[in-house]
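Common to both upcoming complexes is chain A, partnered first by chain B, then by chain C.
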Partner chain A sequence: MNFFIVLRKEITEQWRTKRLLIVAAVLVLFGLASPLLAKVTPDLLKSIPDMPPGLADLIPAPTLADAVGQYIKNMSQFGILLAVLMSMGVVTQEKERGTAAMMLTHPVSRLTFLLTKFAALGFTFAVSLAAAALGCWYYTLLLFEALPWGTFLALNGLMLIVFLVYVAVTLFCSALARTQGASAGLSFAGLVLVAGIGSVPRIGEYFPGQLFNWGGTLALGGEASNWPALWGSLGLIVISLTAAWLVFRHQET
Partner chain B sequence: MIQVENLHKHYGAVHALDGLTMTVKPGVVYGFLGPNGAGKTTTLRILTGLARPTSGRASVAGIDLSSDGRALSRHIGYLPEEPAFYPWMTPREFLDYLGRLHGLSSTQRTARVKELLDLVNLAEAGKRRIGGFSRGMRQRLGFAAALVHRPEVLLLDEPVSALDPSGRKEVLDLIEGLREQCTVLMSSHILADVERVCNVVGIIAKGRMVVQSPREMLMERYAQPVFEADGEDPLAMKRWADLLKRQKWVAAVAVAGATVRVTANDVVLARHELMASAAAQELVLRRYEELRPSLEDVFLQLVETEAVK
Partner chain C sequence: MDFSEIQQYIPFLIPVLIIQLALMIAALVDLIRREHTRGPKWVWALVIVLANYIGPIIYFVAGRKDE
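Then we have the complex of A and B:
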């Protein structure tokens, strides 16, 4: 039962410390801007002065695929960066400040302490991504055509899993580190490591980066599946959280 | 209520605890004294489950610390030296949150939060953000937080170190009021505070227990009576001090200006002989006093003896 009491406090903290607002604002901004950018980019290119004759005609007219592509590109950059930034200090800060020691002498287990932080960050990203997706879908409808709801939802669900992978890996780094500086360094190393391994042929098929491609294809009505990447990502979340717990339970706070 | 047996805690080459053994009986207010780095905070952190001993055994409220850390939290209240809180919360919210964690009902929480805020004199600040609190206010809130669930054992690490004199008095009165209600283990370097509220004292040095005893017994056993006299003529007082040093019933003599401080081996003989000796020397005394030996005298004596070993 204490899990939900602590989770409630964590979500309230996300709101009161404006983390939820910041994540939502950034993701909604890019959600709205993505179809808009896709729509105006060809016009912007055509308006470049002294463009060689005929080149402007080669620039293709914007399509629904451009809008979805732009959305995926923005989210894969800024969403992941936000996931790392918002998670990197959550455990270290409490260890440094002394609130972890204060709370762990009350009936809060170390597992609950970690899992509620993950769940609260998951809630923040889920709510923010939902708002961003809604904005993107509406602007795409206005500027292009309606995106199929179900598959667009699937794209966003897969994106959320990617964000959660980075939240979990960063949470592990935060549990591992003693200071916030070390936590930041480890977190960015984790980001580079996951993204780097994800770009290695064969091994990369099991990494979260592939979920963007799968989701993009689905959102545009294509047939695709990449279950290894999904299971790999979920596995990475479980492994990171388990490792965070194993590290944290043996730490003196 | 608290049992510690041969506890060792090593941080690399540093032995923070070196075979500490202590017993705290139910209902006492136990003053845990020691110089800086003696191992007081390490002991308290082990007793709360926040740190693990390298070897040895400890139990609190019948719970072996190596077995069930989760159950322990229901029985103890802990106030660290510098209590930390979530700055975005108000004291009311924080205490309510702790009440929820300890399974108090809504009605119980409302009543308990009000009671505790009144107790630590934070009722007016109950709706202010903790982030803006002074160290003293945080210390008082920490005290309230440790009491939310009416614990059987209260572990206090320097509980009044950040408080002003009036705040210190209030908290010491609170601790004194807890006697017989719960067991209190209080570390402090302010000997006068320990002397005032604790009925049992343990003195720790270099990670080992030097002595633990009921306060009065400790004073009787270790405190050597001290006599102090202020004279008019410093030179005459110095001559008198030199004379006293040769007496068998005198343990030590210290001179500071026209003040002579005599520590006696035999207090009864000293009472008779000192005045007679002063009269024989035709000294003019402005003040003559038999001082009640303080816990500080005992503490310094024992810790210095331990340091020599």
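Then we have the complex of A and C:
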């Protein structure tokens, strides 16, 4: 069966299972709330009753960097969590329900089966992140000043790659596991492993976490590049999907 | 306590409230249409309505049972 026909079915499935709605709602919430929180937090702190005199003056005025920092912090936490939550059952669930076997009796290769799932999840995150980025950019314009859209786009592109790394790793865990419980356990172990190794000095430079720093510096007009992290992340995606295919290829569905 | 500074930002919350409402309605419609849920339906209805934002998401992730 044609790749694009299966992909269309998978994207419809993203809508039907409400994955698209959940990811869009959460990411857009943080897209809008991040600049707002950055703007309001100093005022909220100043409004605390009985604040010692002079302390309120020490609270710095919010800046554009605070808005971008807040956006990156929220997206790095909730985006990654969503990437794992939304991907962890996709293959295991179909194996348990028997729909995978049904799909694979049609002329759908196992590679197409896995790749269309990855592409459909990628579509969900790309659309949701685009909406969140638009919201963040507009609120930042209203509350602070205009962010240069080119570099802000680069930040969001790099964030999307980070999310896709976690989607790919989780898909591998989902292909490996027999039950949904095992898939959830493995997926969170994968999350801890990738994030853990990413925080080790030197080795971490090749891991996706670095892409947030790179994107943040770019969005604020700074000069930065971290190509090893980009190649490392793309490599992780390819390795995870290949491993998922190798595992899934010989499995009975 | 002086909230006058903060009050000016309240209109910025309107889109957030609209998204929250849409999420809640989508979750409630799904709950009504679904025959089986993990746990009693009325508990899920309370979770969806009372836990802002997170309630519908918890329902979508953990509350639904395959039809």
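As a convention for this text, the second predicted complex is superposed on the first by the 252 of 253 C-alpha atoms of A that agree within 3 Å, B and C clash if a C-alpha of one lies under 4 Å from a C-alpha of the other, contacts with A are read in each partner's own complex, and residues count from 1 in each chain.
Everything below uses one rule, namely that a residue touches a chain if its C-beta (ideal position, glycine included) is under 8 Å from a C-beta of that chain, and two chains touch if they have at least 3 such contacts.
From a predicted model like this one, the values you see are computed outputs, not experimental measurements.
Applying the document's definition of touch, where does A:Ala219 land relative to chain B and chain C: first, second, both, or neither?
Once the two structures are laid over each other on A, A:Ala219 reaches no partner at all.
Would you mind checking which one, chain B or chain C, touches more residues on chain A?
Comparing chain B with chain C, the partner touching more chain A residues is C.
Touching A:Tyr139 in the superposition: chain B (first), chain C (second), both, neither?
second
So in the superposed three-chain picture, is A:Leu121 touching just chain B, just chain C, both, or none of them (first/second/both/neither)?
Neither partner.
Output check: A:Arg97 vs chain B and chain C. Expected answer is one of first, second, both, neither. What do you get?
In the superposition, A:Arg97 contacts both chain B and chain C.
Who does A:Ile237 touch here: chain B (first), chain C (second), both, or neither?
neither
First (chain B), second (chain C), both or neither: which does A:Ala33 touch?
A:Ala33 contacts chain C only, not chain B.
One more residue to check, A:Ser47. First (chain B), second (chain C), both or neither?
Second partner only.
Check chain A for residues that touch chain B in one structure and chain C in the other, and list them.
Common to the two interfaces on chain A: residues 97.
Would you pull the chain C residues touching chain A in the complex into a rising list?
Contacts found on chain C: 1-3, 5-6, 9, 12-13, 15-16, 19-20, 22-23, 26, 30, 53, 57, 60-61, 66.
How about chain A: which of its residues touch chain C in the complex?
Checking each residue of chain A against chain C gives 18, 21-22, 25-26, 28-29, 32-33, 36, 39-40, 43-44, 46-49, 85, 93, 97, 135, 139, 142-143.
For the complex, which residues does chain A have touching chain B?
Against chain B, the touching part of chain A is residues 2, 5-6, 9, 13, 16-17, 97-99, 101-102, 104-109, 252-253.
Mind listing the chain B positions that touch chain A in their complex?
Those residues of chain B that touch chain A are 45, 48-52, 70, 73-74, 76, 78, 80, 82-86, 88, 97-98, 100-102, 142, 145.
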